[in-house]
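Please find the structures below.
What follows is a pair of complexes built around chain A, which joins chain B in one and chain C in the other.
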Partner chain A sequence: MIRDKFDAIVVGAGPSGNAAAYTMAKEGLKVLQLERGEYPGSKNVQGAILYADALEKIIPDFREDAPLERHVIEQRLWTMDDTSYVGMHYRSDDFNEEKPNRYTIIRAQFDRWFSGKVREAGAVLLCETTVTELLRDPQGRVIGVRTDRDGGTAFADVVILGEGVNGLVGQRSGLRPELKPDTVALAVKEMHFLPREVIESRFNLAGNEGVVIEAMGTITDGMTGTGFIYTNQESISIGIGCIVSDFAESGRTPYGLLEAFKRHPSVRPLLEGSECKEYAAHLIPEGGYNAMPELFGDGWIVVGDAGQFVNAVHREGSNLAMTTGRIAGETVVWLKRRREMATKANLAEYQRRLEETFVMKDLRKYRRIPDFLHRNKHIFGVYPKLLSAAAQTWFRVDGVDKRAKEKQIFQSFRSGRTLPGLIGDALKLARSWR
Partner chain B sequence: MHIVVCMKQVPDSAQIRVHPVTNTIMRQGVPTIINPYDLFALEEALRLRDRLGGEVTVLTMGPPMAEESLRKALTFGADRAVLLTDRAFAGSDTLATSFALAAALDKVSQEFGEPPIIFTGKQTIDGDTAQVGPGIAKRLGLNQLTYVARIADLDPAAGTITVERRAEGGLQVLQTRLPVLITMLEGVNEIRRGSLDDAYRAARAQIVRWSAADAGITELARCGLKGSPTIVKKVFAPQGRAEKVHQVPTADRSADELAADVIAAIFRTQPPLEDDLLRFAAGQ
Partner chain C sequence: MMNTTEVGAGAPGAPLVKVEERLFQNRYLVDAGRPHIKIKPHTEPSKALMALTHLCPAGCYSQNDKGQVEAVVDGCVECGTCRVLTAKTGEVEWNYPRGGFGVLFKFG
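Here is the complex of A and B:
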């Protein structure tokens, strides 16, 4: 048992846990942070894009020493069929700003850096220490944690759970149900190394400029999911993920999808000559607003992936994690200043503050999307094929007159999805989106 | 009893790469670990301390980042950590390293009490020379027990120690007088986990940092690159072999036929082997 009593114990040293621990330690609170990995970042997997805004609100001058790969100046959205893609690319020199908005990062390095800031701020971090359960007083209030080390208990006024997507502590302690296969995606990712110059010429980049490609279509073989390709300084991150229940139903394997994605004629040239140095897999909570567990209780708060804080439509997660972590930390500091206990009633302030941020607003806006996608999987197969066929008809010069081509395209949409089907999809999407 | 363990932070050899053009080790991004052999030494020291009381000091020489390894050693349960770090030590070979460590050990004795036992691992996984331990013993005038598999008996009052030493062709049982330097063999124990209290103490511990001057080292010419007569003439990566896998179809073949197929396949790729065998069979 650690004899010292803490103002807060933070479980996990990912973006949410680090944001919470940093925010509290910086304000002079006595913080103990527990991480099961060998070092912060050793267990953490992400694409990975860093959204500057969320981090700026915690560490305004992070750009001075954070390990950043490339700032994103170009976004490509691809809908793919088996041989083609139809893309929407947006590239702007405006993204070459003094304080860029998005960066590619390598999490093992970034999390280590972030954790260094947390420790500089005064939090005590113990790695290779797994929290096994929450300790409660007779009234059921959470008063500390038990770890897997000898003499492994520690006590605090509040426990912040930033334990990630498959939060076993919260599950074991009955704070939230087990993950459901239809609200969580399984993504696999590889890091392919290439010389800087090759990446820069292949993706049309200069200096530290970077490109992000998000892809959907037949690459997920009829399942709900997306693929991605991100440029790092000397490597390319490529990955693909689908909802777990879809994998279970289809019997497809995640690595099988990734292999096929890598072999796609539009992708293969981008990876040509590269060496795969690293592979990883990760669960992503994609159930959205409707899948969110309780976020606080007597003596505890949930932050980050553990609270299902992911906006799957916009591929945002780490920024929600950092923001929820920061606001949880600020709430605890606020209570401490007022000399109030971390009761359920008092911690409701956490949710009140969250409601005012983009986190809850976005999650609420898209609350119908997961269900919509779950019920309309044809979107991932039918439309990419139709779009690609239409583009091909339109761009191929073969003596067929343009009016006939228009007719042909319209026909293909009608036979591919029927008119009521097309209108229905559009309406359903619009309804889920608003 | 005060016990000192000398250890080294090394690149994790499981994750190391050699640059294909320059043939130098690419250390960038390669995680570092405590030299695995040193962990057997540390665990042995901790067991002696638990049994006899006293303190375990871990000592390392290295760049400031070696502090990580020391902190890890504290997490395992060591009581004190000393980092010998100075630009003057950069580029040390085993001669210069043992010189600096011996001097630092003198200083450790003065500051924290004379250690009857100093442990090291049998060698490091990056240099693999196994010279530093004996080098320290020689300089400090200690009896040395290398490749120790077990401490059979230790009598601090009488000042004697008996160990089992694995040597070529057998096990030696050796007895000598304290103080000694022991280099510990691998696989003889398993490093402990460390309690939550150990981890907490380690996270907040102040690591003792000594420069060359702090350790009382004045002969800088005997340190670092200047004090290292070893010259690495050439480093090269072994050539990849061009051998291929040969497949022998197994369908519808009896065991005898398969054996004949395999032997034929081997002789096809290695004709000299067949010649040798035939010569051998002919009694030549």
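Here is the complex of A and C:
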């Protein structure tokens, strides 16, 4: 199909693939990028929050023309039972800064913008092109890809796989195993449209200020998972996700769970009168450090979700994707300058560089957390109920004296989870967290 | 067509939801006659395959009169859940749609 040989082929035009392609093209490398969607972003789903730092390191002046929705000035964490939530909110005017730290975005629009920058930098992008397999030389080195465009092939010194969570190309080439149902979450999401002034008054916002809500509790019906509500300019992104194996055992439908979340008495008023314009679903790799596959080999590097680069605790993924994409790109540029081949030994530089960043440091720090959350489902059911009951006991004024209320609250925790259970949970969490 | 009876299955009091009403909002370019997901012929579905009748977020999977699980994938949102869940049994053959086909997210 394509006669020219490229310095690099990038599979996928999401945050990781775009970061890699941009980084290499900007330095003058000959880059071919392949995307199976009609346009970049057409297959991509995210909440979505953009973390400015990761993008600034690639495109410092991105704020000038990127399609940003709202900058986040307030974070709400909710633990919910069926009728209430106990919230921890952090709002600060300090987030109204010249260069805000976090933004809500709409991925289909954002990815298109990012892709425009990649093409301006000189990369060749082919959309509507699904990569079907990796091509190897007799020594097993990856030398290119085959696509579904008339079985066309393309060749390069290195292939960067930013193919996302369903990384079929890498899986089927034996670079990494299939995802496991107990370390991947299924999230469903809807886009609800409302006039911007309605959103601003409901969420206590001015101008382009935004709020993000992360929620856990009985909304996931005993499953390991969380819900989210993000404010965009004229829409609200709302979604909920749980571990696939939990969903399979629960008998619940993902859309039934989302509907129940939407109808929660604390959520319903936020969405009142809105028009839903899209329903999406996506997998999130949540296995963390222990689920990470090989990250590089002879002639290939994996970046983003395909490499399990998600920090599930902090709901970070796109920033890890962009950072791994950038560092993969920088590694390839570095090798090119040194006139060295993309051998496995040389590409080990990619992992060495990643080790120096927050990406590997955070994933390693939280390596025990996915397993902890999966084995301690009461975190998602028992504790939110206990917290809520405690708050209600405390705040309701009914003639019961305060010491009796305190006793009642302690007693409810002891009977809800037993004293050894409480101490054990605290110790396990502390061990997993450190 | 798609699973029309599906509701908030398994949870008493869960709201009734028809997934078609949601999928109706989405844009698709259907590759007519070339479904990207196929179920291997079977007489009795495994537990994992059976779970897809409630787990598939697009309600693509349903059980027929003979107890077999069938899929109509026109409304598929390409999440990959069915492939992951049945990886061990190998009952679902999952590919990306041909380039350009399938779901086209407007917002994502």
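Just so it is clear, the second predicted complex is superposed on the first by the 433 of 434 C-alpha atoms of A that agree within 3 Å, B and C clash if a C-alpha of one lies under 4 Å from a C-alpha of the other, contacts with A are read in each partner's own complex, and residues count from 1 in each chain.
In this section, a contact is a pair of C-beta atoms (placed from the backbone, for glycine too) under 8 Å apart; a residue touches a chain by one contact, two chains touch by 3 or more.
These figures come from a predicted structure and were not determined experimentally.
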Superposition on chain A - do chain B and chain C clash or fit: fit
Partner chain in contact with A:A260 - chain B first, chain C second, else both or neither: second
Touching partner for A:A281 - first (chain B), second (chain C), both, neither: second
First (chain B), second (chain C), both or neither touched by A:E356: neither
Partner chain in contact with A:I2 - chain B first, chain C second, else both or neither: first
Which of chain B and chain C A:R107 touches, first, second, both or neither: second
Which of chain B and chain C A:E340 touches, first, second, both or neither: neither
Greater residue coverage of chain A in the superposed arrangement, chain B or chain C: C
Which of chain B and chain C A:T129 touches, first, second, both or neither: both
Which superposed partner A:N166 touches (first chain B, second chain C, both, neither): second
First, second, both or neither for A:T147, with chain B first and chain C second: both
Distance in angstrom between the closest Cα atoms of chain C and chain B, superposition on A: 7
Overlap of chain C and chain B interfaces on chain A (superposed complexes): 109, 128-129, 147, 149
Chain A to chain C touching residues, read off their complex: 36-38, 41-46, 48, 106-109, 111, 127-130, 147-149, 165-166, 168, 178-181, 184, 186, 188, 190-191, 221, 235, 244-245, 247-257, 259-260, 263, 276-283
Of all residues in chain A, those that touch chain B in their complex: 1-2, 4, 32, 109, 124-126, 128-129, 147, 149-154
Complex interface listing, chain C residues touching chain A: 6-11, 14-15, 17, 19, 22-23, 25-26, 29, 48, 51, 54-55, 57-59, 77-81, 83-85, 87, 94-100, 102-108
Partner chain A, residues of chain B touching it in the complex: 29, 75, 193-200, 203-204
